[in-house]
Structures are given as C-alpha cells and as structure tokens.
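Provided herewith is a single structure, encoded as structure tokens, for subsequent inquiry.
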Amino acid sequence: MLDKNGIAKRIAKELQDGYFVNLGIGIPTLVANYIPDNIEVEFQSENGILGMGPFPFEGEEDADLINAGKQTITALNGASFFDSATSFAMIRGQHVDMTVLGAMEVSENGDIANWKIPGKMVKGMGGAMDLVASADNIIVAMMHTNRAGESKLLPKCGLPLTGVGCVKKIVSNMAVLEVTENGFKLLEVAPGVSVEDVKNATAGKLIIEGDIPEMDI
Amino acid sequence: MLDKNGIAKRIAKELQDGYFVNLGIGIPTLVANYIPDNIEVEFQSENGILGMGPFPFEGEEDADLINAGKQTITALNGASFFDSATSFAMIRGQHVDMTVLGAMEVSENGDIANWKIPGKMVKGMGGAMDLVASADNIIVAMMHTNRAGESKLLPKCGLPLTGVGCVKKIVSNMAVLEVTENGFKLLEVAPGVSVEDVKNATAGKLIIEGDIPEMDI
Amino acid sequence: MIKKVVNGPDEAIKGIKDGMTLMLGGFGLCGIPENSILALRKNGAKDLTCISNNAGVDDFGLGLLLQTRQIKKMISSYVGENDLFEKLMLSGELEVDLIPQGTLAERCRASGAGIPAFFTPAGYGTEVAEGKEVRVFNGKPHILEHAFEADFAFVKAWKGDEAGNLIFKGTARNFNPMMAMAGKNTVAEVEELVPAGELDPNTVHTPGIFVQRIYQGEQYEKRIEQRTVRTRN
Amino acid sequence: MIKKVVNGPDEAIKGIKDGMTLMLGGFGLCGIPENSILALRKNGAKDLTCISNNAGVDDFGLGLLLQTRQIKKMISSYVGENDLFEKLMLSGELEVDLIPQGTLAERCRASGAGIPAFFTPAGYGTEVAEGKEVRVFNGKPHILEHAFEADFAFVKAWKGDEAGNLIFKGTARNFNPMMAMAGKNTVAEVEELVPAGELDPNTVHTPGIFVQRIYQGEQYEKRIEQRTVRTRN
C-alpha cells in the first residue's frame, strides 16, 4: 500500500522530457518532488505562471508570486507570467502535456467528480473543469477507498460531475489502472497489495488480463 | 466645394476631448492634422498601437513602428503596443470612440461599400469590416460623386458591402449628412455649394428640413 | 488628455449604485483591488453582484463585503477559503454561481472584446452545462458560453501611468487584464502611478483605453494566504 | 530542458510537406519571419495554404513564395500591395479567402485557445457571412466563425530565449503571438537569442509553451514599405 508520497513518486514516472505539466492541489503537488534526474519538465500553474520553482527561502516570500493553491512559490529561469485567459488558452488549447489532479470519485467510463458534495461542501471547481475537459493526458491521484472503506472507483459517479469520459489513468494507493472502453484495466499493483485486494476495493468493472506486475517505485 | 484637407478639417470638429480614434487610409489620415487646440485625442492604429504620433524625423524611421497604412510613425508619451487580437478587442468591444473611413458607395440606409470591385480590384477589407460592424460612431469621409460625376450616395449600394446599416454621418466635399431611418439628412453645405447642388449630386433619398447652414471650417 | 487620475478610492467608486454588477480582479488574495474594496465597504452600496474568481477570506478581500452583507450574488470559480461564504451560501442568504475558471476568464475577455458568445469544452456533461447549447466540434462536445456584462471593474496593478496604462507583477496579473477590458467603467488602483511616458509602451499589459479611472493606493497589505517556505540547508 | 533551439531556418522547417497549411506572422512587411520564408522558398514545398494578414510585396515576404508558385491558397485580410498577387488571383491561379482582419486575428487566437468557434459582428450582411450561421445578441446580428487549423506557424520576434519565450518590438508584434499559439509546430525566429533566465518573465509576450523551435535569424532586412518622414524645422 502506498502513502501519498508513494502515489506522487509513481506518477512522476509518467513524466517525459520537455513536458509541460499542471499539478492540482493535494497529492498532485507532491509529484514535483520526484522528477526523474534525466528529464526536465516545466510546471504550469493556472493562476498565471509557467516555470514554477520550489517554495521560496524563508524571508523571500513574495505576495505577488503564488501558485493555484495560493502558496508562495518561486520562478525558475525561463519562466513567464501571463493572465488567466492566456493560462486557460494553454490548457484548453492542449499545450499542457499532462494534468494530474485528485478525485472524490471516478467511474469506469472515465467520469470524474471532485468539486461538490450537495448540501455539505461547495468549494467550487476552480480550473478543474477546464483541465479535465481539455487535456488528453489526465492522471488521477487518489485513495482507492474513502475513510469508510468504500470504493471510490465506481460503475457510475454519485456526486456532481467535474467532467465526463476524460480520465485516462488512475494512480491510487493500491494500483495503477487505465480507463478503457470496457472499464478499469489493472496495470500494476502497489507493493504488498494483491490483485484480490484491488478487486475487493474496486466497485466499478475491473479488467484483469494476465500477470499483473508490482509497481517499480 | 471642399478639397481633401477641407473634408479632414470638418471631420476634426467632430472630435471630443479624450476620444480614442481610428483613422482609415486616405482622407481620414489627414484628420490628425486638424485636431482642435483645446482637446486631446489618442489615435489607435489597428496593427497594434495606441498613442500614435506624427511621422518620424528623417533618419529616425523604425521598420518595427508603422501604422495600418504601412507608413513609418512615432509613438507619443503614454503609448502602448499590443497584438492584433487585442487591437480588434478594442474595436469590436467599442472602446474606440470614433472611426473615420473612406467609402466607394454609401446607401441611404447606412450600408457602406469600400473593399472590392468585382472582376477589377480586390485589395481586401483589412480591418474595415470589423470597424464598421462594431463602432457606434462611424464617419465616412468621401467625395460626393465619382470621376464620372455620378453620385456615390445611393438608394442601394451596387458594390459588395463592407457593412450594413452602420454609417451614421458622412462628410463629403459638398456636405455634411446624417444617415437617418428615412434617408440622408442634409445638415450642412460646403462653402460655395447650394442645397440644389447637393440635391443634384445625391442619388439616394435626401431629407432637407428648414434652412441648411454653411459649414464652419 | 482627459483626466483619468482621481484623488483616491472614494472618488474612484463614484457612480456605484445598489444592485450593480462589479468585476474584481485577483486570484485568492493576490492582485486584489484592496483599496477599492475598502471604499466600497465604506460606501455601503448593497445588493451587489460580484464577479471574482474567489471571495476573499473572512476578514480580507471580498470577505469584507460579505461581512456587511453588501453582496447579493457571487459569480466565482472557487470559494473554498471563506467560512462565512459557505455559511451564507448554504443558508440561502447569498446567491452563488460557480463556473469553471477558464470560462470565467474567457467570458470576461469576450465581453471586453465584443465577442458575445463562444464555445468551450469545459463543463460539458456537468451541472454547468444545464440549459446551455451543446455542439460537437472535431468529434468533441462543447457548450456555448456568453460574455459577462459589468457596470464597474476594479483592478489592481503594480505600475500605472496617467494615460491608464497598466503593468502587473508576477502572478498578481491573473484576471485583472480581462476585467479591465470588460468593465464599462474600469477603476485601476496601482502601487505606483507615474506620468505618461515613463512606462515602456512595449511592456504595457493593459493599454490605457481600457481604464477610465486610476489612482495610487494609499497602502497595500498584500496579505499572503499560504506562506510556504523552504529552509536553507 | 528539451532542446528547442535549432541551428537555423533549414532545420527549423523540417517536416514541411506539400499541401500543408502554414500561418505566417507580420503586418505588411513588419514583423514577418524573413529567414523562414527564405528557407521555405529554398525547400520548394508546394500547394501550400498560407494564413497571413498580407501577402508581402512582389519581391519580399510572402511575395517570394508567390513568385515560385508554391502557394495554392492565401487566407488574408488585405493584399493590396502585391501586383503579382492580384494577377494570380484574377486569373484563378491562386485561391484567395479574404476575411476581416479582426476575425483573422481572433480565429488564430481561438485555435490556440481551444475555442472552436465564436460569434462576431464583423462581416454580417456581406459576402463574408455567406453560408455562416447568424445569431442576434443584444439586438445586433453576429456570425459564427471557426478556429483555424495550421500545421506550422512561423513567427518573428525581437528577443527570444532557449525556453521559447518571446518578446516583440513595437508594432512588429501584430499577428505573431496568436499564430504562435495556434501552430501545431511553431517556429520562432528572433533577432537575438539569449539563455533562459535572461528575459524578465513579467515582460514575456509569448510564453515558451507555444514555441516548439527557435533560432536566431542570420540577417534581417526589415524592409520599410512606406517610408514617411517629416523634416526638422
């Protein structure tokens, strides 16, 4: 079973040299800590920066330099700043190569819900709807089950949707799965997790073909 | 009867303090030479400058600084440069207060034709279609008749249109006219031109109400 | 030149009336029109509709106008940082229209650019698409979104000149340029106001044509929402 | 960082094939990708569709590719400065699609911004509107225009860095930023190429994400079309 950092580490292996990447809030943010040594990627934050760097040293925080999570950040060499319309032009226009975001629920046809729990919580979708509707390469970082132990990989989402049929890949604490026409296809299991465990934790249709390797992280 | 400079001079009297103005190629360009002393206006050129100044001194021409007529220009204090999409955002979004352009034909309902003579001349519409479709305050600077002496103020345009029902005012070498629901309303005649002369030179419906004053230029 | 420079925020908000629609720049607390918001609070205009990506925090930014119940309706993309907001929304005291962030930005730009409507893929198949026209382009469904209208737009820039030209700094740019384009009356507050001619025309982000009033803000708190740092090793 | 810097225009145009659609920045002869155009002429690719506001003059700019008959179709807003162009068009040797300048700019931007279509008032009631959907917004008729698609975009900037960031100068900016956004492969040529980190990120006009290849042009003629001057008194 992976912890949050483990999920981030596994997702980082999906990065390719030269990628422009948008990381959502939460686990996705951690991906930036595990970029493979032999490649370079550039991070885009939808509030208006390309070439986002690490947090500033103490005392060097700049209120005019934050990421989409409202955290103080820095800008790397080769960075650029731009307005929100240009930022979402990059996203909708598919200039961003990979999007990583969290989810409350994902359905076997790739629907995703992550912005609203009716009557309880309404924070808003922020840029998530634009991101999932636009990106070709969307990876969801999530826990396989909720706190009650119920599967978050469902036949159909129960919560209000963020996007339909858009999730291509899921990296959970238990497994890596591809969303195919026929359902969740199991690609890898986490260390210490059996195929049977994944089966039990997945409510949506699960496709298991041949031997399933253990993640290499 | 006015010459080109006279037309420009009369149009300049329509300028108001603080106006942003787009001047077309030809007679309209001359309007910049007759700005009343007590007001300031800013000229926008659709290729991407606001705050256009006079031609540069000899030897100071900059190939990277031209107007929409491809002439070398200068930039005044407070000028800004921008891309073509932003430039036409200013135009379509009605941020430009006054547009002056030439015409081959204008009809009594305010249609204008100025970009094409089928089979003979096709230079293109450039920004004219965006300008006439967007501006609330369009003044046409034109000769009242063509070289053959035929009226260019018509019941209906014969040439391909640039825009429909958009011209509000015409300043010709003979008169100032307002385009109303009922036709061309004569507002002023040029020095040495009689109401009868304007009547004879206007093929479209002409409205003459009361005494018509002579232009004060 | 027509005088765009006003004495301060109180003069800048002249004409604000109950029931008006306002746009306010900023992302989180970054690049928000601090001084204009304080003046709006002092002014007391109510039943306002505010178009702003976020709603501030409880005691700063637009949160100040929520405290005084001056806002009837918020049009935003993300409001997760404000407890009072959530309470007012769930109790029905506050109308809320949540829309995707990119759509919010583009609807502001469209308004300023004379584009009444456009198609976007964002929100297709979700609540956001309800009642909206759907059309397929290149095999992909899109929904039709419309330009916003706003009586006033309040933006905040780093530097500005007397002609209304604006330059933003870092990620404080965000929604400010599009909202400046969209406002019928755009009020810009700046950290530093200079005479026309001192800004390089090549580096201007918002040309002066989009700004009707401008003033130098008296004080900027520029509060940081999430102070994240690393330690020197 | 993935290597965007190429050795020169010949390497930059690799992948160009007969029948492709190209965008080329510039207004008149101002801000045109001079060196890329020369390389395209040397390359000889034909049956090209070129989206460019103008068509150059007889012996410079896109006029050079008209001379060699490499262009099958031009999509432009104004072509009045080119006699060969007019001849080829009237004789039917050259297909021409003339569209309003603002629509041209917006269709490029839309393409790069993932907006497949938008409404504009420009051209309503004219030849340009033929066959296009008309819809009334706020009492005013608009027509539906679609985003352009282009295989390559060629742009020219003043300064650029190794990350592909671009800064333009004066009115040489014009269509270049939108075309950079729109191209599947965007080739930028610059007068001065600097290492990443040397450009102020606040003054970048085109972020590097929109540029796939970049090189410093060997020579810039920057021909002036209408040299207008005043005399010192």
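Think of it as A, B, C and D in the order they're written, each chain with its own count starting at 1.
Just so we're on the same page, a contact is a pair of C-beta atoms (placed from the backbone, for glycine too) under 8 Å apart; a residue touches a chain by one contact, two chains touch by 3 or more.
Keep in mind the model is a prediction, meaning the values are calculated, not measured.
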Which contact partners do chain A and chain D have in common?
C
Relative to chain C, chain with the most remote C-alpha centre:
B
Whole-Å separation of chain centres (CA-atom averages), chain A against chain B
55
In angstrom, rounded to a whole number, how far apart do the mean CA points of chain B and chain D lie?
28
Length of the line joining the C-alpha centres of chain C and chain D, rounded to whole Å
32
Multi-partner residues of chain B (at least 2 other chains)
49, 75, 81-82, 85, 88, 91-92, 134
For chain C, write out the residues touching at least two other chains, lowest number first.
106, 109, 113-115, 120-121, 168-170, 202
Touching chain B in the complex, chain C uses residues 1-2, 109, 111-115, 161-163, 165, 181, 195-197, 201-202, 204, 207-210
Please give the residue numbers of chain D that touch chain B in the complex, ascending.
27-31, 53, 76-81, 86, 89-90, 96, 98-106, 108-109, 120-128, 158, 168-178, 205, 222-232
In the complex of these two chains, what residues of chain A are touching chain D?
17-18, 20, 40, 42, 44, 49-51, 75, 77-82, 85-86, 88-96, 134
Within their complex, chain B touches chain D through residues 45-49, 54-73, 75, 81-85, 87-88, 91-92, 111, 116, 119, 121-130, 133-134, 160-165
Within their complex, chain D touches chain C through residues 106, 110, 113-121, 135, 137-138, 142, 146, 167-170, 202-203
